[in-house]
Each structure stands twice: as structure tokens, then as C-alpha cells.
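Look at the two complexes coming up: subunit A is in both, with subunit B in one and subunit C in the other.
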Partner chain A sequence: MPRPSDVIVVGAGIVGAACAYALSRAGFVVTVIEAKAAASGTSGQGEGNILVSDRGPGAELVLAQYSLTRWDRIEQELAEYLPTGFPELEYELKGGVVVATTEAGAESLLAFAGTQRPAGVTAIELDHDGALALEPHLNPEVTAAVHYPQDAQVQPVIATEALLAAARTLGAATIFGEQVVGALRGPGPTITGVRTDRDEYPASQVIIACGPWSAQVAETLGSWLPVRPRRGVLLVTTRMPHKIFHKVYDADYVGAVVSDDHGLQTSSVIESTAAGTVLVGSSRRQSGFDQSLDLHAVREIARKAITIFPFLADASVMRVYGGLRPFMPDHLPVIGPDPLVSGLWHATGHEGAGISLSLGTGDLITSLITGSTSPVDPRPYAPARLPRPDTVEVPA
Partner chain B sequence: MRQTVVVIGGGPAGLAAADAALDRGAAVVLLESAPRLGGQFWRHPTDRSATDTSLQHNWNAFVAMADRVGSDPSATVITSAQAWAIDHDHGQGDAAFGVQAAVGSADGPSREMITVRGHALIIATGAHDRTLPFPGWDLPGVVTGGAAQAMAKAEGIAVGQRVVVAGAGPFLLPVAASLAAVGARVIGVLEASSRRQVVSGWLPQSPWLAAKAPELAGYATYLARHRIPYRTGLAVTRAHGNDSVRGITVSRIDSDWRPVPGTAEYLDVDAVCVSHGFTPRLELAIAAGCALGADRFVAVDAAQRTSVPNVFCAGEPTGIGGSDVALAEGRIAGHVAAGGAITDTQLRPAVRRRRLLRRLTGAIRDAHRIGPGWTSWLTDDTVICRCEETSYGALRSTLIATRTTGLRPAKLTTRAGLGPCQGRICGRTVEELMTDLASTDGGADQRSDGVIIDRRPIASPVRFSELTAQARVVGTHEQMDTQEEDR
Partner chain C sequence: MTDELQLIFNGERLTARRGQSIAGALLASGRRSWRTTAAGRLPRGLFCGIGVCFDCLVTVNGVRDIRACQRPATEGDVVETQDETLPLRRTEKSR
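Right, the complex of A and B next:
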């Protein structure tokens, strides 16, 4: 039987990796168990957004703001633990520019920015000329824009691998290609480890960080979580001369993020990468775990992208990513102890903000497990807030 | 109602499929990515007087099929058509699939976007030749056998004056013959497999040899007439030169393809054609939802049906077998897709031929299988991914540092396979290097994300303006017919 762990983290996406790193740094013996490979789910299929711009005041913004302070230092912090030859995280505090192309859009965009400022978000109002000064290739029909200099970007796969590698340096074990199939149980409703398809792993605590797959894993481990997949598609262009300097998105994006609509919603999120490609998103649709190519979404994304940056009409898409975001009905991540099973923890439900919120999530869950002061008020994220359906039985 | 059969690919498999479907009374839409039919295999001379089609195996069969498909009123042939995606249109209740294609010169300013629908789809996308990297392989003058042959067949141009053809497999022979035919001095055909491996793979296959005798005799005569030596157990382990290749190092290799120390010889060349077998073009089959077998080819039944209803696959994507197998498989797929049965009398020759050839070409393929020791001829500065310029040293140190176990994270941390060719050239190499590293440097013990390089939902680049253009619908738009009873 493998060594007993203080904490098992199920899932090696960015959230699982951040939890493993934070816990290892706090001195815990950690084992990460992943069914596939690092960042093989949601974390590897997004842009690597680290945003404060897309949230109004509230608990998620608070966690985003705390996480941003952690992202700012993370590269330096990890350097101590990473082996030589490790690729750079491509972290860049490039700032976001949110663009409205209609008068009505301009009005609601500026009003939204007005609510964010008292909460500590830097939101600089730009007129037509100001917007074009920051992004000269924007559609000249832009009516208003807001510059969010705190928005950042990271290469999410490298970031995930880096957090895992640092955790390993600090003593963590990482197990790939093993699927968790059940819980090891103590007396009463207590989890004492997990069973995989190959082995048994005893542990004092188990954290589920499986993104949209967390509902299934929670069920396997005797609990319940109302997280659902919300699909997204991202287009990648061939390399081109650098013409986009910030994260640029249309004012509809915020509406799409906070919407509960099950149907297809698209809004532009456009940015250049360090490699010279342009990433163009985004779409949201609740359609289960179906991952086949959603051409309708691809066409809609392309149409909207041309409205923001007309020069993209001649750009070529060479690759599309499809991914599933972990969607929570109340739009807040689930971070904290499971109300049914003692020793079981959740760290998921970040929807499209998992990269951004991962570092804060790792610190928060570490503080809850050690009983030390939390970096942010943990209550809004507590799993206990969720109304439990009658059908879930407390394991005896 | 009349069946509409959509065929992707106008090479041997696709043409035979179209021909057989027309024979069975179906309407056919045939998409070919090149400006003319023939695929990779049959190449039209740009100037008929300049080249000789006698070296093109089965040229007459091609001409007959191309003429028939091209002139049959039930057939719609669309050339210069890049099929870039396949969608399933679950909600629409029409035909089960829509092949999205862009028609026109890939670099041209305006391509027409079409959606092709039908009752059945036959995927006959062929293969491209694979070249293992070696130091200097990115120099001008180092080309794949396929590229050299295409130039020779279509343009009548030789890639160089003093040329070596190297790699593995029977394909090296026609490449050498094509080069000699257009005036190159081929100073040797270097086969990586040992004489023993080649002999034991080929000799027991007397029925195959008998079937292939005229073709092989043609190449042998050509090679002999042009005094081209065929040598075995040798590999090009380095290309030398600054602006272009000036010479190559050739090394004797053991049965695992590991260079034997002290055997290196230098050859003066101005071009080298290197091919180590073929990689099937799988992206459209994967996009259509077809299951692959453990051998990474599209899984098909005796009637060339894939795991997806009404979707068939023929030729190289179901197993590298060459044009004769492709012709037989295409004929079967076309006939059954058009509502025929595998037991129909007219299919008997094709069924028999496929059974025989598949078994025999399998043995030949095994005799030329890539040996794992080839990685030992790489140096740290050998480029692995030519699009992103990822070197072997960089790839290796990143994979060791991250210890990643997934192909996706490997690509996104090393950038190998992320460029314009989307891993068509380096993808399988990167996969093998991950496995190789695991065994030598304590890297990942396996690839655990189940991701393979061949998955490319967008099969060829498409512009934003093209994505937003209204696509013209080609083929049937009617309800699916109940032709299933016939099968």
C-alpha cells in the first residue's frame, strides 16, 4: 500500500495543483491522484485568464483580487522549487480592455465599471480616441471602452505543471493515469483515503478538485455536488505580427459569464499569446459532457471577433479547443469541507475563472485545513451553503 | 430514394469508391484537395511531353476511373476542395453529417465555402510519408520521398543532381526510379532494415510478389539500368551543409536501428530523400467520430464500415497497404455505401484481393518497421518540430523538468506540434520521444491523457471571413432514407 498522506488531492488541473503546492508548502504530506494527465481537462483548454474586470463587487471578486496578489509573486516564489530547464509561465500583467460598439452597450459598460471602482478595481474610462490609442486595430466604431490594468494572463498548462513540480520538490507525490473508484472509510461518515483502479491510498483528508467532473467524483466518494459542465470553444490563429496588446473583450462578456442561460452564448475575448498566435473566444453552452466540435459556436465567435478587430477577417484559424467549465448554479466556487462526509473537501466550481482563482483557492483551503487565519472570508464559498436534495443520504 | 454517397479523397481508394457507387446507381459527390484527381499516388504531368507516365503504376486504371467519374452525370467532382471539418448537425434531422469544405486555391483571396451532405460518407484521405528527424534534416535539399516523387512525376524535375534515397520500405524503389527517370544520378537506395529482415518479410509472400512482379520488375530494371545500388541496414544519420545539403553521414545500424560505432561514411550529395513509412491522415475520420483500433488506424468491418453509421473508410487510414489495397477497399466501400451488399457477386474480386493483400502487406510493413534505436542519432540541436523550431535538447529538458505524462501538456510546454502543420510532421515523433525518455531518463512512465496527435477538429486552416460566409449546400438535403434493409 502507498505511503499514508495527510492530504490527497484528486485532480491535477490548476486548482488541484495549487492546492497541492499550498499544502506541501505548509508542511503536509500530499498525494495528487489524476485520472489522465496534468491540465488535461478544463485547465488546458482555456486562455489563461486572470481577470478582475469581469466581476461585480462580491465574494468572487474578493477571491480574484487576493489571487491576483499571489499571481504577481508566484514566478519568483516557484523559482526556488523548480528544476532547471523548466519553461517560463508566460505570466503577463497585460491589462484588459473592454469594448462597447453601441451607445446602449457603452452606457451599461460604464455603469458596471462604476460599481467596480469602490470595490478596489482599477477601471479607467476611455473614449473613442483613448481606446484606439491602446488598441490601434480596434473597430473604429467603438463607442466606449474601459481599461482594466490589473487583468493578467498566464500559460495555464505551464502554470499547472509548475505548481505540481514545485509541490513534488516539497515532497508531494503525483500519480497519473489512475482513476478514483471509491472511498476508504473510517467509523461513521468519515473518509480515510481513496481507492483507485490500481491501489488504495490512505489519507487524513481528501480534496476533490476535478472541475466539471467533481460531481461524479463526489458521488463516488459518498457525497454530492451540483457542479455541471458548461462548454466553451476557443479558436487559435496561425502566427501573425503582434497587433493586439491587451485582453480585449466585448461588453457582452460580463453578461454571458453571469448568465444562467443553457443555450449558446458567445462574446468576444481576444488576445495575442507570447508565441504570436491569437486566441479568440468565447462561447458558453450547457450541453453535458459532449465534446464534439460545435461549428455553430465557432462561426458565431468568428463573426463577433471581426466586429471587434476587423483585420481578423483575413486571419486563419488553425486549431480549435473545446473545454468544459465547472458551472455552479449560484456562480460561486465551492471551497471548503463537505457537509456530509468528514475529511472530504471541495475545491471546484470556478467556472471560467479557475486559472485566476486557483492560487487563492489553494491558500484558502490550506488555511481551513490548518485552522489558521483565512486570507479571505471563507463563508461565501462553503459547500454547506448549497441546498442538498432529499435523495442524498448521509453515509453511515 | 436514390442514395447520395459523399467521398473525401480522389486517390486510388476514393476514385474506386466513387466508381463503384456510381455502378450501383448512387449519386456521388467527390471532394479532392488537389486541383486534379489522382491523390498522392497518381500525379499529372504538368507538361505531358516532359514526363513519362509509364512509371506510374496502374496509370490506365486511373485514367479509366477518372474519365468515368468525371463524365458521369450522377457524379459531382469538386477539386481544390479542402474539407476542414465534419459536423453532425444533430438537431437538423437532415443527413447525419455535413462535410465543410473550402473550394479554391488555398492561398487565393476567395474560396467558396460549401457544406456537403449525403446518405453515406466514405473517408479516403490517404497518408503522408513520415521522416524521422536527424541532425541537419531541416537543411534545404533534404526532402521526403513523397515530395521528391511528386516533383518528378508532376514537374519532371529532380530534387538534385547527386541524390541518395534513404529510409525504410518498398516506397524507396519508386522514388529512386522516378528520380532516375528525370535525370538525377541516384547514388544509392539505403534501406534501414537489415537484409535478413527484408528477405524474411518479402520472400514468403510469393502470391504478393507474383501480383506485384511486373511493378517490382519495372523498378528493378530501372535501378539496374541506372546502376543504382540497393543497400540494407544503413541510415542517414546526419546531413551536412550551411545553406543547403552538401553531404550526408551514413551509418550502419543494428536491428533496433541503433548506429554501430565506427561505421560512419561520408557521401557527397546535393539532395537526399528520406522516408520511413507513412502516417495515415486520420483527422477527418476522427472528426466524423470514427473509432480507431489499438494500432491507430480507423477500425472497419468487412464492408469498410466504421463505428459511425453510414460512414465508411478505405485505403491508408485503415492500414498502410498501398494503392492496390486501396483500390479494392474503395470499391467495397463504394458499393456498400450505395446500398449494395458485401456478398454481391460483383464485389468478389475486390473482397478476395483485399484479403490477400492486407495479410501480405502487413508482413512487408513489419519487415520495415521503425526500430526504437533511431533516437540515438539525435543531437541536442536537432530540430524536432520544424514549425516551432523546438530542438531535441529543449524538448528533452522540458519533458524531464515537467515530467509530464500527457501529450497535450507536452505540446503546450514544449510548443512541439503547435505550428501550422499541427504536428503532422513531428507529432508521432514527439509521442515516441516521450516513451523513449521515460525508459532512459526517468521521465513519465506513460502517456496518461489518452490524447493522440491525430485529433485535429479543424483539418485545414480556415479564415475568419470564410467561417462567417454562408456555405452553399451540395448533395442531398432530403431525409435519411431507409436503405438499411439491404445491408
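Right, the complex of A and C next:
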């Protein structure tokens, strides 16, 4: 039987990796168990966004702001635990520009920015000329824009691997290719470890960090979560001369992020990558775990991108990729102890913000497990807030 | 009808055989690479040869991003290598 762990983290995406790192740094013996590979799900299927621009005041913004302070110094902090020659995280404080191309869009964009400023978000209003000065190739029809210099990005796969490697240096074990199939149970509704398809792993605490797959894993372990997959699609152009200098979004993006609509929603999120390609998103659609090519979404994303940057009409799309976001009906992540099963914890439901919120999530869950002061008020994220359907029974 | 046709590659005359792709003509002329990677400026030419990897991109008759492995050479084609200025990285240091 494997060594007993203080904490098992199920899932090696960015959130699981951040939890493993924070807990290892706090002195816990940690084992990460992942069914596939590091960052093989949601974490490796997005853009690596670390945004404050898409959030109004509230609990998610608070966690994003705290996480941003952690991202600002994580590379330095990890350097101590990483082997020489470990690749850079490609953390870049490139800033975002949100653009409106209609009068109505301008009005709601500027009003939204007005609500963000008192909450500590730097949101600089730009007129037509100001917007074109920052992004000279924008559609000249631009009616208003807001510059968010705090928006950043990171290479999410490298970041995940770095957090896992640092955790290993601190004593954590990482196990790949084993699927969690059940719980080890103590007396009463208590979890004392997990069973995988190969072995049994005893532990005092178990954290589920499986993104959109967390609902299934929670059920396997005797609990329940309302996390659902929300699909997204991205287009990648061939390399081109550098013409886009920030993350550029259309003003509809915020509306799409906070909506509950199940149908297809698209809004532009466009940026150049370090390699010279342009990433063009984004879409949101709830269609289960379906990952087949969504040509309808691709067309709509491309059409909208051209209204923001007309020169993209001639660009060649080289690839289409995408993934599943862990969607929560109340648009807040689930971070904290399971209300049914003692020793079980959740760290999921970050929807499209998992990269951004991962470091804050790791610190928050570590503080809850150690009983130390939390970096942010944990109550808004507590799993106990979720209304539980009658069909879920408390395990005996 | 002759079996050969003429291309211009970066200003030089290049002879191709009818039915050959542009990549085929470049390889036949002894050229192994005609592009560089973004970060390390390492040489790239034909990799997959079946239109998937986008490693062999060239500009043909003024149109960018043509996959040399997929484009049949035609008489008088003007083929040019393409390069890009890369994004400046704005890191914390230069904030």
C-alpha cells in the first residue's frame, strides 16, 4: 500500500497543482492523483488568461485580485524549487483593451468600468483616438474602449508543470494514469483516502480539483456538485507580423461570461502570442462533454473578430482547438469543505478563470485546512452554500 | 509541351517539374529549409508534407501563408520566404 498522505489532490490541472504546491509548502505530505496527464483537461485548452477586466465587484474579483498579487511573484518564488533550465512561465502583464463598436455598447462598457474602479480595478477610459493609439489596427468604427493594464497571461501548461515540480521538490508525489474509482471510508460520513483502478491511497484529507469532471468524481466519493461543462472554441492563425499588442475583447464578452444561456454565445477575445500567431476566441455553449468540431461556433468567432480587427479577414486559420470550462450555476468557484463528507474538499467550478484563480484557490484551501487566517473571506466560495437536491443522500 | 516549368524563388530562377509541389521543387533544388522558428530562429522547411503542420509556409504571387507542400508549382510563380517581427514581451520588469 502507498504511503499515507496528509492530503490527496485528485486532478493535476492548474488548480490541483496550485493546491499541491501551497499545501506542500505548508508542510503537508501531498499526493496528486491524475487520470491522464498534467494540464490535460481545461488547463491546457485555453489561452492562459489572468484577467480582472471581465469581473464586476464581488467575491470572484476579490479572489482574482489576490491571485494577481501571487502571479506577480510566483516565478521568483518557484525558482527556488525548480531545476535549473526549467522553462519560463511566459508570464506577461500585457494588459487588456475592451472595445465597443456601437453607441449602446459604449454606454454599457463605460458604465461597467465605472463600477469596477471603486473595487480597485484600474480601468482607463479611452476615446476613439486613444484606442487607436494603443491598437492601431482596430476597426476605426470603435466608439469607446477601456484599457485594463492589470490583465495578464501565462503559459498554463508550463505553469501547471512548474507548480507540480515545485511540489515534488517539497516532497509531494504525483501519480498519473490512475483513475479514482471510490473512497476509503472511516466511521460515519468520513473519507480516509481513495481507491484508484490500481491501488488504495490512505489520506487524512481529499481535495477534488477535477474541473468540469468534478461532479462525477464527487459522486464517486459519495458527495455531489452542480459543476457542468461549458464548451469553448479558439482559432489560431498562422504567424504574422505583429499587429495586436494587448488582449483585445469586444464589450459583449462580459455579458457572455456572466450569462446562464445554454445556447451558443460568442464574443471576441483576440491576442497575439509570443510565437507570432493570433489566438481568436471565444465561445460558450453548454452541450455536455461533446468535443466534436463546432463549425458554427468557428464561423461566428471568425465573423466577430473581423469586426474588431478588419485585417484578420485575410488571415489564415491554421488550427481550431477548445475545451470544457467548469461552469457553476451561481458563477462562483467552489472552494472549501464538503458539507456531507468529513475530510473531503472541493476546489473547482472556476469556469473560464481557473488559471487566474488557481493560486488564490491553493492558498485559500491551505488556510482552511491549517485553520490559519485566510487570504480572502472564504464564505462566498463555501460548498455549503449550494442548494442540494433531495435525491442526494448523506452517506452513513 | 515541356515537362519543366520555371519559378522565381526569392528572386532566383528555379526549375520545377510539372506536377511537383512548390515544396517538392525546393527540395529538388537542394533547399532543406525556407523559414525560421519564432523564438530560436531555427531552420524549418518540410515537416509533415501533408498540409497539417504549417511549417512550410511561403508567400506565392504576393499571397501569404501558402503551404508549399500543398501548392502545385505553376509556370511563372513568384515564391518568397516570409518572416515576421515578433511581439515585444512586456514583462514585469518593463512595466
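Just so we're on the same page, the second predicted complex is superposed on the first by the 396 of 396 C-alpha atoms of A that agree within 3 Å, B and C clash if a C-alpha of one lies under 4 Å from a C-alpha of the other, contacts with A are read in each partner's own complex, and residues count from 1 in each chain.
The rule is simple: contacts are C-beta pairs under 8 Å (C-beta built on N, C-alpha and C of every residue); 3 or more make two chains touch, one makes a residue touch a chain.
For clarity, every value in this text was computed on a predicted model and none was experimentally measured.
When both complexes are overlaid on subunit A, subunit B and subunit C end up clashing with each other. Contacts of A:Gly276 after superposition on the shared chain: subunit C is touched, whereas subunit B is not. Of the two partner chains placed around the shared chain by superposition, neither subunit B nor subunit C is touched by A:Gly56.
In the superposition on chain A, contact is made by A:Ser316 with both subunit B and subunit C. In the superposition on chain A, A:Tyr91 makes contact with subunit C only, not with subunit B.
When subunit A is checked against subunit B and against subunit C, the one touching more of its residues turns out to be B.
In the superposition on chain A, A:Met240 contacts subunit C only, with no contact to subunit B.
When the two complexes are overlaid on their common chain A, residue A:Phe176 makes contact with subunit B while staying clear of subunit C.
By the document's definition of touching, of the two partners only subunit C reaches A:Asp72; subunit B does not. Look at A:Val157: by the touch rule set out above, it reaches subunit B but stays clear of subunit C. Superposing on chain A, the segment of subunit B with clashing C-alpha atoms against subunit C, chosen from 20-28, 416-424, 434-442 or 470-478, turns out to be 416-424. In the three-chain superposition model, subunit A touches both subunit B and subunit C at residues 238-239, 275, 314-316, 318. Contact residues on subunit A toward subunit C in their complex (touch as defined above): 72, 91-95, 238-242, 245, 272-276, 314-316, 318.
Subunit A makes touch with subunit B in their complex at residues 34, 36-40, 44, 82-87, 155, 157-158, 160-161, 165, 168, 174, 176-177, 238-239, 275, 277, 292-293, 295, 298-299, 302-303, 305-306, 312-320, 322.
Interface of subunit C with subunit A (complex): residues 38-39, 54, 57, 64-65, 84-92, 95. The part of subunit B that touches subunit A in the complex is made up of residues 85-88, 100, 287, 289, 388, 397-398, 400-409, 412-415, 418-420, 422, 444, 446-451, 456-458, 461-465, 467-468.
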